[in-house]
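Order as written gives the chain letters A, B, C, D and E; numbering starts at 1 within each chain.
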Amino acid sequence: MTLLLQTLVSGLAAGVVYGLIALGFSLVYRTSRVINFAQGDLAVLAAYLAYTLRQLGWPVIVACVVGVLGTGVVAGILERLALRPLYRRPGAVAILCTVGLAIVLEACIRLIWGSLPLSLPSIASTSPWHLGGLAITPLQVSMFVVGLAIAVMVTLLIGRTRSGRAMRGCAQDPEVVVLFGVNVDALYFSSFVIGGLLAGVAGILIIPTLGLTPDIGLNLSVLGFSAAVLGGLGSIWGALAGGVLVGVITNVAAVYVSSSYASGFVYLIMAVILLVRVRGLFGDEIEAVREV
Amino acid sequence: MSAPSSAGSVSGDRIDGRHAIGAESGLVVEGVRVGYPGGPDVLRGVSLSVRPGELVVVLGRNGAGKTTLLRAISGLLPCRSGECRIGTASLRGMRAFRIARRGLAHVPEGRRVIPGMSVADNLRLGAFPIAHRRDVDDTLAEVLELFPSLRRTLSARAGTLSGGQQQMLAIARALMSRPRVLLLDEPLTGLAPVIQDDVMATLSRLRADERTILLVEQNAARSLAIADRGVVLVEGEVGLEGAASTLATDPRVKEGYLGIRPEDNQPNSS
Amino acid sequence: MTPDTSGLGVRRSWPHDLRLLWFVIGTVAVTVLAPVIVTGPNLLTFDLAVIYAIAAIGLNVIFGLGGLLSVAQAAVMAVGAYAVVLTLNRFHIAVLLALAIACVLGAVTSGLTGLIAIRIRSHYFILASVALAEGVVLVITNETKLTGGSNGVGFDGLPTVFGLDPSDPAQFVLIGVPLAGLVWYLAACLRESRLGVALHAVRSDDYLALASAIPASRCRLWATVIGGAFGGLAGGLLALLDGYIGPQSFGLTTAVLLLLMVVFGGASSNGGTVVAAIVLTALTQGLLTATKVGDLVYGVAIVLLLVFASGGLAGLARGAFEWGRRRGHRSKTGQST
Amino acid sequence: MTQGALSIDGLSVHFGGLQALRGVSAEITPGSVHGLLGPNGSGKTTLLNAVCGFVRSTGRVCLDGVSLTRAPAYVRARSGLLRTFQSPKLVPDLTVEELLRVGEHPRGFRPWWLVTALPLRDSRARKSGQQRALATLDLLGLDGSLLAVPIRDLSQGVLKMVDIARALMADPKVLLLDEPSSGMSEAEIARLRGHILELARRGTTLLLVEHNLPLVRAVCDRVTVLNLGEQLTSGPTADVLTRPEVVEAFLGVGADGSVPNAVQEQPGGGP
Amino acid sequence: GCGSSGSGTSASGSSSPIIVGLVQPYSGAESYYGKYADNAWTMAMAKYGSKIKGHPIKLVKGDSKCDPATAVSVAHKILAQKPVAIEAPDCSGDTLAMLPITTAKKVPLVSENLAPDITTKGSKYVWRVQASDAATNKLFAKYIVDQGHKSIGVINDTTSYGVANAATLVSGLAKSAVKPDVEATYDIAATDYSGQILKVKQANVEAAYFEGYDLQEGNLVKQARSLGLTMPIYGPTTASDGTFLKAAGDAAEGVVFATSFLPDWSSTATTFAKDWQDQFGYPPNMDSVGMYQAAVVTIKALQKAGPSATADDVNRAIKGLTVSGLPEGAVSFTSTGDLAHPLVMAGTWQGGATKLVKILAKPE
């Protein structure tokens, strides 16, 4: 029983962070229909920026916040330079371009910071509190709290507001929303920036436990993407739920099913969920409409 | 059959652009040439104007360029030459969303409701330029008065509505921003006769409210019945224009420009 | 308006019998000339390009024609590659027979994505295909007894095809190029066949297809099966050329590379795909010895190509021109269409 | 030709809690034009969707006495039941010719021998397909040069015509037309009327959803009026259009002629 | 344009260069090994000379990405430039994949890989300069059992190296009649090991053996401790590395590892470690030392064989070579190409520094 609880706790904490990355995916998707596979590398970038600022002697929190903001800026720049010309091309083009951006980001990080792993201090301690056999670290708690807080903020920011509506409209018919005075370019831009910020926060939270190397971005992207799809692309709470689900299933599968096939098991479950709910758990928002 | 552009003037009151109207929210289109990327000019120098409180109807056969004209006015397509103005302000080079924020609303061809959003959200999206929630709610109530059948479907996704219901939504949505200038592209498409009457009545009322209305319609008789003036587009040029009453009885409208003759079966394509 | 079909389907073409002749002449010419013109390690690169071209043409059937953005093609190649190595090691059958088995198994694996696609669409399908791809790699990595795990496997004895040694880059040309020519020809025929035409509709809109008496899901399934057969063949050839295979070669990186080939080729144009396969293979292979900036160059190249040439390699110049014009127009015009 | 008897029996459709169609029945004799009228949202399109198998329904659909009730949509189309769309399916990257060729082979779609016969195909099939496409465009009075135009370049009205052409490519026994006249200019409507009558004369059975009353009056033998998913009434055209319940629900007061819903005084008939 | 780094006849005047291949992961997750190798060669050439009778040694590098099939491509590319020797990539799987090709071309492969398979495939052209895991883990397993643990849990990754490492340890344990109560594996790309760790926790074993590449090993240990695992943890040489310490942080304290390089085992090793640290700014580990030893062996063999030697000559030169005074003692080879007298030690972390616990086997 404690084992199960322990499994759930660690799955939950990691899951919330995946959820944040997924949230970035969803946000970008719900505005532009682009799946931004550079999300994971933006998370890594934030951690590296924070690392450098730490080396310069900045306080942890300040370094982290500035690192995250810097990542937002980079996300914005990438959107303007590389993605803006692509929105009107077939969907795969923009998606592949984000993959290209991910490769560029990783390569740049490698050139700037080298490929040797660095260590980024986490914002909270990783030595566990013991609660009756259950080990919970302050970091896990802070992951959970920060993750939820940010999800709430994002929901408030775009869930029910004018710009939230404009974003959803924009994803489905960008040409028509401009007729109502929506600045589509600005919307794309800000969704990428917010996506970058979210990825940055996720990076700052989770990378201390993964180790800071240039290459973990792809893995984070795949996890975040899976979570976003599972929760239903474009859905805010879906992203978070998807993240938690991915985190928990991975852990449960490794403990109770087979460690070597744990990730395969996760994919299997995802496939089954998708077969039952073809647009993910909460994802009927954008696409489920009559087609004739 | 090609229409000489000079031969068209019926009533003699050919619009001389800027001098014709003084009011601030009149719409002036002056010699615009417009085409699609990489293609030839679709509009080859079109001029027209609509005063506030006036309803002008644009007629023309399929592919004449009516939709293209409206898209050019609302900034969806760049003008290759010529310009559009609202009042005295030139729209040249202005991006579509800014034009919309200046008080222009466009009911696009083919409805274009946002399928995944609820009807209510679609309507609120139409009110995007209006910042105050209270104002939006008020407008919403008014618009729903005009289309009572939408009220029942407020929470349904727009994409599940029937074609006609979506058309109503598209019109209602454009009204949500309380536009000064209203462009409508075949708003009667797919509407049941009763509703068509309602829409026409609504347009008359809006005109009385000093709005500037440019209506594109295929149904000449019906639209000329309520319009002040009419313009017939022929292959991207103004073929005929004049007072609605004059046009309604002008045989050239039907035979020459709208092509309503059974043996005239060479439609204008590409 | 010019009838620019932008690489889609029924375009002006030669009569088929003539076209077959051209394909044969082209194939023979390339087979003979390639080893003369291309030399040294570049010949290996050429061979790899031939293999990737086959896989990419297969993916082109799935994505370009069928509209399914699949990242499972690399895994399909893996199935083909392991099929060839394992069958040849276990049963002493002809290499061509092993390649045929690779085609069949590749088709079956890829067909699974087609089955998934009956229900799961658009971006959700990407995840489903990621799942399948990861599943294949996972099985290969973990079923060590069968597949050698991450050690990979090689041939117990050197296989030969009609006395040719496929692991020799020069001799491989004689095997690979004719097969690639055949695949290209089949894909070209497919495009104009009923299935090809049907796939136009299916890719665009299910209901349009159904209303035109086209069984949409079944067509999609066929597209994945046919594309998968090509992918399996490519995998088998890769095994023959390298003489050694490991699961790492068939991961997402390869899948993305294949997709890039299709997209740069100008989705659904086979000729473009082949050119893109050659260019991208040369790029990646060339960068293997540029150890410092290889990744950076690769990434930047991808982004630049996508921004400027996503309409196909031929459209590179046009893309650059339009981009410049857009920049120029930005201040003057409204929303571009 | 006496094929094409369509019988619809007790069709019901619901979407979640919404009953969009409630036991609608109709018998349509071969070679006749049957009108389907009703206010917006009354279920006309849904009826077409149910008949052609796009939405799940209860009730029966028979073509020439053969039940299609359980057949999937493409099988229904293959047996000669073709339709057009209220808003034509946009397939922006196809040309008109490609779209028409999509509609070309409804009977006997056999991937298997197709695959085996692949390399043996010659250009003759393509040529004949092109000929057919040209002929069909011509039949609808469209210009042959249209073949090479990408769908995205078409204006809305022409697009509707092309959609009808696509359905005609398949030699339909029964043709379901969903508001064909909407978005068409009056010239095209006049021509459309001729085509509908001509098709009917040649034995095609038509089910026509329309809001354009003059067109309905000119071509329909019988009409069925739907309201809120239920069959309000059904009968000979002239008769039904004057019934008070129809006037109230659908036409609006004074609809019979006094509101010029379309140009009234058109010369009747077509070719 | 491949081969752009090609034939390079222009280099250094009239004397043609001697080509030596260097295949390493220069990109991807394991790319830091590429950096180790570059540094190792810099140091070896500085100490033992970068010219053979006036002919410069020219390194031709290739990026194997820690992927066997890529390694094959790279091997073809490098072989096309006619090298007289190749230093094998750090990832065992890559080396295994390249081996048939280099053997066929009779080019010696100098390897510091740990997977036992490399010298058991019958190739006469491969030379291992470090203790294989078979040698190491036979002794280390016994050492673990000697600490009094009767039950143990093993976690390893699924790379060639990881699988072989765990397998040799398990067979070593079997010699002392201990069978792991729980064995779990993870994919090298995975980042969250909670599942595997909790499985070990559930089994309630007395000790744990975690295998992983340096970074993954560190994360494993760290995640294990934060999940409340308190039993002693053992690991392979990767747990002796600076990267490991960075990743594991405080959790590194007390972890016991097997390795053949520790700075404090001999004075040569101490000096070497200091020089390395001074020159490159980070401490050497067993991999970098292995690469250094491989470089030295190669240079010595080239010197012995002379500037105009063929690859086959160089191979013959390596065969009879004994190089002493290396950080891990002396290197000479068995008939199969394995290291004749391996050095095996147990070490641990104490206050953020490694400490020699026991020398389990020693050259001479």
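One rule holds for everything that comes next: a contact is a pair of C-beta atoms (placed from the backbone, for glycine too) under 8 Å apart; a residue touches a chain by one contact, two chains touch by 3 or more.
Computed from a predicted structure; not experimentally measured.
Trainee: Taking each chain's centre as the mean of its C-alpha atoms, give the chain farthest from chain C.
Mentor: The chain farthest from chain C, judged by C-alpha centres, is B.
Trainee: Compared with chain A, which chain's mean CA position is the farthest off?
Mentor: Of all chains, D has its centre farthest from that of chain A.
Trainee: What is the distance in Å between the mean C-alpha positions of chain A and chain E?
Mentor: That pair's centroid distance is 36 Å.
Trainee: Measure off the straight-line distance from the CA centroid of chain D to the CA centroid of chain E, and report it in whole Å.
Mentor: 74
Trainee: What's the distance between the Cα centroids of chain A and chain C, rounded to whole Å?
Mentor: Using C-alpha averages as centres, the distance is 30 Å.
Trainee: Return the distance between the CA-based centres of chain A and chain B, expressed in whole Å.
Mentor: Roughly 44 Å separates the two chain centres.
Trainee: Two or more other chains touching the same residue: where does that happen in chain D?
Mentor: Within chain D, residues 15, 45, 54, 85, 149, 153 contact more than one other chain.
Trainee: Among the residues of chain A, pick out those that touch two or more other chains and give their numbers.
Mentor: 107, 110, 175, 178, 184, 218, 260, 263, 287, 290, 292
Trainee: Give the residues of chain E that touch two or more other chains, as numbers and ranges in rising order.
Mentor: Within chain E, the residues that touch at least two other chains are 27, 34, 158, 185, 187.
Trainee: Which stretch or stretches of chain B touch chain D in the complex?
Mentor: Interface residues on chain B, with respect to chain D: 36, 39, 60-63, 67, 109-111, 149, 160-165, 167-168, 186, 189-197, 218-222, 225, 254, 258-262, 264-267, 269-270.
Trainee: If you look only at chain E, which of its residues touch chain C in the complex?
Mentor: Its residues touching chain C are 1-5, 24, 26-27, 34, 60-63, 65-70, 72-74, 76-78, 80, 92-93, 96-97, 100-101, 117, 158-160, 163, 185, 187.
Trainee: What part of chain A is in contact with chain E in the complex they form?
Mentor: 3, 6-7, 10-11, 14, 107, 110, 114-119, 126-128, 130, 133-135, 137, 139, 209-211, 213-216, 218-220, 247, 250-255, 259-260, 262-263
Trainee: Can you check the complex and tell me which residues of chain D touch chain C?
Mentor: 52-54, 72-75, 77-78, 82-83, 85, 89-95, 97-99, 101-107, 109, 111, 114-115, 118-119, 121-123, 126, 147-150, 153, 166-167, 170
Trainee: Which residues of chain C touch chain A in their complex?
Mentor: Going by the criterion above, the answer is residues 63, 69, 116, 119-124, 126-128, 130-131, 134-135, 138-139, 141-142, 205-207, 252, 256, 259-260, 263, 267, 292-293, 295-296, 298-300, 302-303, 306-307, 310-311, 323, 326, 334-337.
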